[in-house]
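Chain nomenclature is as follows: A, B, C, D, E and F, assigned in order of appearance, with residue numbering initiated at 1 for each chain independently.
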Amino acid sequence: MMKYLWHDERLTYDGTQLSSLFAYRNFSIQGNSIIGFQGPCHVSIEEMVDLADVKQNAHIYSLKMVHFIVEVFEMDLVKTVYIQRILVSLVKEILEKLSVQGVVRRGDDLYIADKKLSVSIATLSPVSTMIHFGINVSSEDTPVPTLGLNDLNIDAVVFGEMLLKEFSDEVESVNMARCKVRGVL
Amino acid sequence: MMKYLWHDERLTYDGTQLSSLFAYRNFSIQGNSIIGFQGPCHVSIEEMVDLADVKQNAHIYSLKMVHFIVEVFEMDLVKTVYIQRILVSLVKEILEKLSVQGVVRRGDDLYIADKKLSVSIATLSPVSTMIHFGINVSSEDTPVPTLGLNDLNIDAVVFGEMLLKEFSDEVESVNMARCKVRGVL
Amino acid sequence: MMKYLWHDERLTYDGTQLSSLFAYRNFSIQGNSIIGFQGPCHVSIEEMVDLADVKQNAHIYSLKMVHFIVEVFEMDLVKTVYIQRILVSLVKEILEKLSVQGVVRRGDDLYIADKKLSVSIATLSPVSTMIHFGINVSSEDTPVPTLGLNDLNIDAVVFGEMLLKEFSDEVESVNMARCKVRGVL
Amino acid sequence: MMKYLWHDERLTYDGTQLSSLFAYRNFSIQGNSIIGFQGPCHVSIEEMVDLADVKQNAHIYSLKMVHFIVEVFEMDLVKTVYIQRILVSLVKEILEKLSVQGVVRRGDDLYIADKKLSVSIATLSPVSTMIHFGINVSSEDTPVPTLGLNDLNIDAVVFGEMLLKEFSDEVESVNMARCKVRGVL
Amino acid sequence: MMKYLWHDERLTYDGTQLSSLFAYRNFSIQGNSIIGFQGPCHVSIEEMVDLADVKQNAHIYSLKMVHFIVEVFEMDLVKTVYIQRILVSLVKEILEKLSVQGVVRRGDDLYIADKKLSVSIATLSPVSTMIHFGINVSSEDTPVPTLGLNDLNIDAVVFGEMLLKEFSDEVESVNMARCKVRGVL
Amino acid sequence: MMKYLWHDERLTYDGTQLSSLFAYRNFSIQGNSIIGFQGPCHVSIEEMVDLADVKQNAHIYSLKMVHFIVEVFEMDLVKTVYIQRILVSLVKEILEKLSVQGVVRRGDDLYIADKKLSVSIATLSPVSTMIHFGINVSSEDTPVPTLGLNDLNIDAVVFGEMLLKEFSDEVESVNMARCKVRGVL
């Protein structure tokens, strides 16, 4: 089961949110979960977990994003990266349901016509694996050319709540797909 | 690494292909792999591994499909179901690159306007996990309303070779994403 | 989550029930589950999975038992044996709540004053791990001295439904206990 | 194998004992182990690993307890929580052997008539999983109503050494139960 | 722990010995184990588990070998192949202690001057992983040029008992090496 | 796949190199890898990860060594200790190919006539498992009697590059051995 919660208050994502039991500490949500909220994104080099970004000194900044923090209480990071990819695919699919065309996924990034929509990372904590996914609401002042939900006329809350629900459903559907087959030789 | 091979001869998929070491026995491909080929699809109830289909006595039949057999030499079926979902997402994305619009994914199924494009299953063998994914080439005589690559003016071989390459790249990209992050607290 | 169901019709346990997807095939319960029912117990040597019993040619027979079939969709049999031990502990605890004194657990067996109350086994299927636990209702004609729920004035259905509920709660409580702690050094 | 040692000197449990290789650093016991000793219990909020307690600002304090530190050199915390539950069940069973009646287990806690006997927690270290279990010797000055071994006329050392031996035997019995069954279909 | 037993009676290895609980069924040895014995080796194509051999129609035959059957009650075949490699390394090292020079290991095979000394395979059973390792005693009538313990003036029983002991010690030493380190960043 | 790199510049091994993503941070090598280089070895007690050494206050010091840092992006330390043992076996085998006789392996140490050739350790990082293996080039001023590659007239670079290649090949060969067998009963 993947519990979910939309948190209605603004929260700046500065990287420290990607720490174990984020949902339990802040929202008393215990177990695998996805939490959504809005707020600026500003991750300093010290807080970055993606060493590819650190090596390139890539700045992660956005005036306003919808953020999602996923926690999975298993220690298999490869599996969690697959979960992350499915999360990113779902974002693309939800945008399509909201009539946005031309969204392209490359790994864990989303683009429209080479403008970047999102940032994402997956990593291990001492007790779990975790994903951050952020999609721009505003596209102003970003370090690379971006597009945001505002540019696409998508309401951030409508989008956020759809993703929470569909991601939770997808995880449940995967768990059930595992429990309906006989083995083969 | 996910090795891949397009097999140019026709092969009927009757369910017996979903057995361990399919790629090694037939094509001397050793290790994680995806094999693509064309041919009819006709799975009898006895060969079905999806008990949901067995319970509904659902007939799996297609005059012509592009088939993919994936083998992953790990025993975690939940992870392999995630890999399967990513494979299905990639099919949708490739169809979009080939200018097909309106493809909708529901779990491990693909639809266009409620016409079914594909069938898929993932399961365990005694030594590995395995996925079958088949997409219709022909939509004639199928037990439910379907659409095929022919209806979409997509060349089966072009499509098949694109998917093999992109799936292999995606798996590699996931494996690399696992190897670039520091842990968090 | 551990789904549970009390099946009200009689069913003879002959060992063939300990096979994967028992709950899904028979009761459309998908996922980790425990199913309870009443019926005779008669397992022939061919159906025995416990080679310790086979080696001793131990006959498993009871005129009437309450049976429980647990399926856990993971492949770690050691973990499932721990789950089995907790299940057996819960049976002892429920009997105590029902005012039965002197129940002693030895491994996966329960005794009162050296009379055997129960049989149990845990094993692997190709897609899951499985537990059978049976507790005598009748103590007549058993191959070793036994005691049954009838001798203890316990209603089999009341007992069975209590165990289903408490086992499901215990599994949930374990899963939640895993998701509330920070790591240590 | 689960090695065990009764340490005869007093030691205050302040939470820092719940760290990896406790048995190896202090007693040169290498491998899975359980160590028992007596001493006060006083865990400050900073040392608490149970965030449920931290959130409630629950104080863990006892004048005198028998403490057990278990270390399991695997990284599956769910399995270790099951091991913890079995440990707690064994405590109840040993108290019964020592003629204490009315012990009730709720999750990882033990009660007699709503008086709390024990505290326990299980968590991950960077190299292992760990359990602390403490049972009151004294019931004076505790933050909630408690009962201790003194109130039950149980000798702490007799109890402690029984638990070490029976827990070690139970773990061995589980490991052996895993190695005597054929698979099922 | 790796239990070991030298079985003094002749036994033909025909492939059927590589099945789960071989040591438990035949010698009442429960848990991880290595069993050694002498006898002919004659594995028909139907009993071969190495599909590389099956594909090449490679005949496995020896008039007399020392055989070892290892069973590890875990499901990670990659790990068991590493265990197999260490077993083969130990054979080389024991031959050196017995003053045999020039033994070369290539994967899981041993050679002296391009004459083959041994055969080996590792695979999964439904409940465990298993290794067969056989070293020629006689080099007569083998399908490829071989050398046997007789040619090297090594007593088969002396060799066999040394390997059992050293393999068991090596496994224990690995298990202990896992339990003496702190983590790093 | 096990990527490998010989780093031609001198680097002192002081223990801090045994930290996650060493190869990625320094050499942009992403994924499982082994890196070889030359330099002094001087590990202070604070940096030691082997608590057996810490307990004995064992000083690790060498004027010049060939060092290897292995990183495996899995969390199973027992498996990585087996990989370490195979690495050490390979060092012995390469020395033999370079005409050095009398190399004896004891666990993860190498000796010639009781003179120590090497040091090694394996541990967990938050995101991977890691191995350090160092073999003396110089045998001067070491805390215990040692022998170095200089004493054996072995060129450190020739040796280092051989080991990188053979270790990478061995890992690949193990991975392939896992993918060629059918299961047994």
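As a convention for this text, contacts are C-beta pairs under 8 Å (C-beta built on N, C-alpha and C of every residue); 3 or more make two chains touch, one makes a residue touch a chain.
Everything numeric in this text was worked out from a predicted model, so none of it was measured.
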Inset, instruction - Chains touching chain B and chain C alike, please list them. - result: A, E
Legend entry - Fraction-based call for chain F against chain B, same above half, different below: same
Legend entry - Chain pair equivalent in interface to B-C, over half of contacts matched, among D-F, D-E or E-F: D-F
Inset, instruction - Using mean C-alpha positions as chain centres, tell me how far chain B is from chain E in Å, no decimals. - result: 39
Legend entry - Cα-centroid distance, chain C relative to chain D, in whole angstrom: 26
Inset, instruction - Express in whole angstrom the distance between the two chain centres, defined as the mean CA positions of chain C and chain F. - result: 49
Inset, instruction - Please set out, as single numbers or ranges, the residues of chain B touching at least two other chains. - result: 20-21, 24, 51, 73, 75, 77, 123-127, 175, 178, 180-183
Inset, instruction - Chain touch graph shape: choose line, ring, star, complete or other and state it. - result: other
Inset, instruction - Any two chains that touch count here, so list every such pair. - result: A-B, A-C, A-D, A-F, B-C, B-E, B-F, C-D, C-E, D-E, D-F, E-F
Inset, instruction - Using the touch rule from the top, collect the residues of chain E that touch chain D in their complex. - result: 1, 20-21, 24, 30-32, 73, 125-128, 175-176, 178-183
Legend entry - Parts of chain D lying in touch with chain F, wherever the complex brings them together: 21, 24-25, 28, 73, 75, 126-127
Inset, instruction - Name, in rising order, each residue of chain D that touches chain A in their complex. - result: 51, 55, 75, 77, 123-124, 126
Inset, instruction - Mind listing the chain A positions that touch chain B in their complex? - result: 18-20, 49-52, 76-79, 81-86, 89, 93, 101, 104-105, 107-108, 121-126, 130, 170, 173-175, 177-178, 180-185
